[in-house]
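The following blocks contain the structures, represented as structure tokens.
Same chain, two partners: subunit A is paired with subunit B first, then with subunit C.
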Partner chain A sequence: MELQGEADIPAPLEEVWNALQDPDVLKECIDGCQEMSRSTTTDYVAKIRAHVGPVRANFSANIRMVDVVELSGYTLEVSATGGAAGFGKGVAHISLQEEESSTKLSYEVSGIVGGKLAQIGSRLINGVTNKMAAQFFEKFVDRWTANE
Partner chain B sequence: MAEHTGIGASVKRKEDARFITGTGRYTDDINLPGQTYCAFVRSPHPRATIRSIDTSQAREMNGVVDVFVGADLAQDEIGDLPCGWLVKSKDGSDMIAPPHPPIATQSVNYVGEPYALVIGETPEAAKSGAEAVSADFELQTAVMDVATATQSEQIHESVPSNRSYDWELGDRDATDAAFEQAAHIAKIDIVNNRLIPNAIEPRAALGSFDPASESYTLYTTSQNPHLERLVLAAFVNVAPEAKLHVISPDVGGGFGSKIFVYAEETAVIWASARVGRPVKWTAERSESFLADAHGRDHVTHAELALSEEGEFLGLRVQTIANMGAYLSTFASSVPTYLYGTLMAGQYKTPAIHVEVQAVFTNTAPVDAYRGAGRPEATYVVERIVETAARELNMDPSELRRRNFIRPDEFPYETPVALTYDTGNYEASLDRALDLAGYSGFAARKAQSEAEGKRRGLGFSCYIEACGLAPSQVALSLGAGVGLFESAEVRVDVTGSVTVMTGAHSHGQGHETTFAQLVSDKLGIPFENVSVVHGDTRRSDYGLGTYGSRSIAVGGSAIATATDKIITKGKKIAAHMLQSEEENVSFDDGIFTIPDSNESLAFGEVAFSAYVPGNFPLDELEPGLSEKAFYDPANFTYPAGTHICEVEIDPQTGCTEIVSFVAVDDFGNVINPMIVEGQVHGGLAQGIGQALLEHGIYDSDGQLVTGSYMDYTMPRADDLPDFTVDTTVTPCTHNPLGVKGCGEAGAIGATAAVMNAMTDALGVKNLAMPANPETVWRAAQGG
Partner chain C sequence: MYSFNYHRAQSIDEARDMYSSGQDPVYLAGGMTLIPSIKQRLSSPNEVIDLGAIDSMKGTLTSGTSIRIGGLTTHSEVASTSTIAALAALAGGIGDPQVRNRGTIGGSIANNDPAADYPAALVGLGATVFTNDRSIPADDFFTGMFETSLADGEIVTSVEFPMPTRAAYVKFPNPASRYAIVGVMVAETGGEVRVAVTGAGPYAFRMTEMESALSSNFAPSAVADTRVDHSDFNVDLHASSEYRAHLVRTMAQRAVAQIA
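Showing the complex of A and B:
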């Protein structure tokens, strides 16, 4: 599974940086996220309900931030298990760059899936993750644009 | 005149009325009072150590009856799943079979391996419960590549180099000497692609325990219920044989994959006593993909030495066979005694040496699949013979003809342990050449080329060893069981007949074929004969159906028991007619004293047997029921020629099979229509392997062809209208002169297709499946 893209967030860099690490914001923006909490300064645990084609499951995810460069970027190491549906593992590189009136966020994700997700969903997984990313940024951007 | 329904008649199948009206009775159709449902929790990882399993959440769920892990089975001393055929390595050492607990305890070794089971009030409750079970796995590197498995990380503690055995057959020195004399040596490197069986009915099991009699009943989709019972009793330790009743009702296809004793039925029958209620499991199609034994999966290098005149001098074969993660029930015999022994093919190759390494990988176990070893052998022999013909610029049919064993040379002892009893290979080749319009091929090829297409023609002159098997030979080669078959012919008071057979029908039409056989021999109406199979309490014993053995071994047992009925009938008739037994003759259902006008119909004798008013009881027992155990003297050797003609569109890579001719010698044929149907099905599977089917694991160990979105089954529009014919040289050593037909299509077809494909594309080799992408790349020159 490979995924990359960028999003233009109409907010100052520092605000974006903080929002990206706020578990409540993340919960609100990740489609199907039931729980999101920060267990240490760099670790999050989440419960996400997702479906890939015919495979539906509740994923328990552990997310760790590594290689953090303040206000510039970091890497997320994600490991999610979905019981009988299988599992997913991946890394996401996030980098932020200040623009004139916004912040440019670039991401690069690579990962693998296993179990039923691979057996039945392997040809669907890229489409599903792309869609989840698009939905995330739509909601994330909405935080600053919705009330205008 | 009544319609001919005896031997040789294409009688419509008795069983089809229920199958096509949805009134068959399959395992999943059977429901018992108080029944619960089982769902298995399967590993999503190809290789991991199990640190712990958490079943607490599942146990608290509504509708969950109980949850079990491997340790629970171990506590009840449920044993490992055994491999029933001991193969020895070159150095005389025994093959290594790693422990194979039905439910994983310490580690999981392929995606889909079960590590827990959940019993629920409903299938949904069981499934939800299974989704709530989680395990803490310590992941390890999966071994996925068969070619490099021996140099990879060791999967099982007891198996160094991941090698179960390193086996050889034939004379290495004589073969080396033959190669030194060679004027030409043809070489090929081929891969026999992994297949996933896909019977139309997924596996299922329903176990129930009766505490009053302390006995178990297991309904399951087995091709051999007695063997299932034997293994569950003697090796897995579920219960003694007499306390274990196994029933295989209607079964919707097996192709080998339902021969084996699997984790699921073992766990289900065991759990039925634990929960005190019947337990049912029916596989979902995704489970079938993951956990049915797969087929084929060989990597082979082969060399053929020829004289200047094109005489075969020697054949060398080196194969690495993928066993998957564990040795399945008959896995070890498939790439050895069902493979190496077939390397002579139809030819007089004087020196042959075969080496096979069986290796473990983190994939589902691999075992017998329609043809089992013989399709792989045919693929090697027929691909290399075709390659040699092209390299020597000889007509491939003529090169084959030059090397055929001739009809006057039988019995023929091959250099690879078999003795062919009979055959006429030129007869089937000539008939096939004629039906394929071989002489017009060059013109058709030119026509295709003028239209921008590429046309090719390929042969496959296959042979198979069927009618498994002479027990003495099989036992000396490491088999764990005898391979005879049993039959009972029970004549009723009114003259109707019930036949109990140890063979098992899961699509083969035994209820029809066996009834034809008995009605023909006894001269009674076909409708008066009923065939019963698939029940350990109704048939004495049986080894089931696989290896094209049902008619050759099972049918011969029925014929023998029927002969005993005739002998006993003559005794009774002699008494009734106040004559001597040796004076009575029996023909077409009538007992007569020749040269007299005294005769009795079969039904009159049957009635008298059960109403023995004045039998001299010290000489003549009442009743008319006989049993026979038939152990064949040799394998049977069906053989034939398949010719495939293809046309390829180099622009799209699409292949059309424009004609497929199969001329098979199955010896005598009981029901030509059923035989033709068996050939059609086999050809579809053989062509499926060549062009469409491929079980693929990715390098991380995940099965990525785990559904019909990604695993391509052959469909009607992928196949041509087959031209099928037979030639007949009767088998010399069984009472019916029959050889068996179940696997021939799948054995012969694959090589014929690939020989045609490589001919059309002008390439030496092409990977299977030759799907449009592979073909298009080859057509573009790489």
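Showing the complex of A and C:
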């Protein structure tokens, strides 16, 4: 599974940087996220209820931030287990760049999915991850545009 | 399987009541997607509401200008009774005999699997979906991968297809499941040409560039060089997005060749 893209966020770099690390903001923006908390400065744990067609699965995820370069970028190492549904592991590189009146966020994700999800759902995984990323950035951008 | 409560609704109203009073409810039509999902423990509803006893949602009604198919009509019944030959052929090519004898048109379109055949028929033939409280044009019905404009608890009661002047559906099936890796419906109805594609993207869509090319020249060569944007196409071990784009052109040419 591979995924990459860009999002233009209408807010100053520092605000975007802080929001991206705020568990409450993340919880609000990730579709189906029921819990998100920070266990150390670089570790997060999350519970996400994923819903694709007839499939509903609850995932618990551990997320670790590594290679953090203040106000510029970092890498996320994610591992998630979904009980009978299977598991997933992935790495996401996030980088931020200041623009005139906004912040450009670029991301590159690669990962693998295993278990039943991968067996029967391999043809769907790219579509699902694309959609989840799009929903995340839509809600994330909304945080600034909705207030105006 | 996890345990769940099984209900057998006798009418659409009763099914709606059961749905709205239940916790985590789900409708069961033919069960060709839901039952495997439950058996795999990928889905665990509390209330399963079987629609199978609602006879008013079964069968086809043909008039001179259209054909109306009840939501619970099986693929085999559509294959043997549809007076639109392309629709009969499409239904007869879904899955295997077991799936065709159980699976229903309403269940298939409400599920909106990206590789299902029926969405291409609805969009390509310009069908109208009737639910328990409204009608929805096919163009507005399919909204995303496994997503439709159906509200929570809404039931597809029937689908109405206008009689086309000519129509053909050609798919490149997955050799094991018979799901469409790419399927293309080409139809001319009331002077309007439509080209609908399933399997390639997150949900069925129209190829407007092919439609206008075919409107001026209804020949396979008219769509042979159409540029197909594959940036959001599906990718899996069976086919890359580039290959799917190629299949869209090839299946479209084959469909046009059948009826040109």
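Quick note on the criterion: the second predicted complex is superposed on the first by the 144 of 148 C-alpha atoms of A that agree within 3 Å, B and C clash if a C-alpha of one lies under 4 Å from a C-alpha of the other, contacts with A are read in each partner's own complex, and residues count from 1 in each chain.
As a convention for this text, a contact is a pair of C-beta atoms (placed from the backbone, for glycine too) under 8 Å apart; a residue touches a chain by one contact, two chains touch by 3 or more.
Just so you know, these numbers come straight off a predicted model, no measurement behind them.
Shared-chain residue A:73: touches no atom of subunit B or subunit C.
Using the contact criterion defined above for the overlaid structures, shared-chain residue A:23 touches neither subunit B nor subunit C, since it reaches no partner. Shared-chain residue A:10: touches no atom of subunit B or subunit C. When the two structures are aligned on the shared chain, A:57 is found in touch with subunit B and with subunit C. Residue contacts after overlaying the shared chain place A:81 against subunit B, while subunit C stays out of touching range.
Contacts of A:118 after superposition on the shared chain: subunit B is touched, whereas subunit C is not. Of the two partner chains, subunit C is the only one touched by A:126; subunit B is not.
Looking at subunit A, you'll find residues 57, 83-85, 116-117, 120, 122-123 touch subunit B in one structure and subunit C in the other. Listed in rising order, the residues of subunit A touching subunit B in the complex are 57, 81, 83-87, 112-120, 122-123.
Partner subunit C is touched in their complex by these residues of subunit A: 52-57, 83-85, 116-117, 120, 122-128, 130-131. Considering their complex, residues 41-45, 111, 127, 130-134, 286, 289-290, 698, 700-704, 706-707, 709-710 of subunit B touch subunit A.
Of all residues in subunit C, only 33-34, 36-37, 40-44, 111-115, 144-146, 202, 232, 234-238 touch subunit A in the complex they form.
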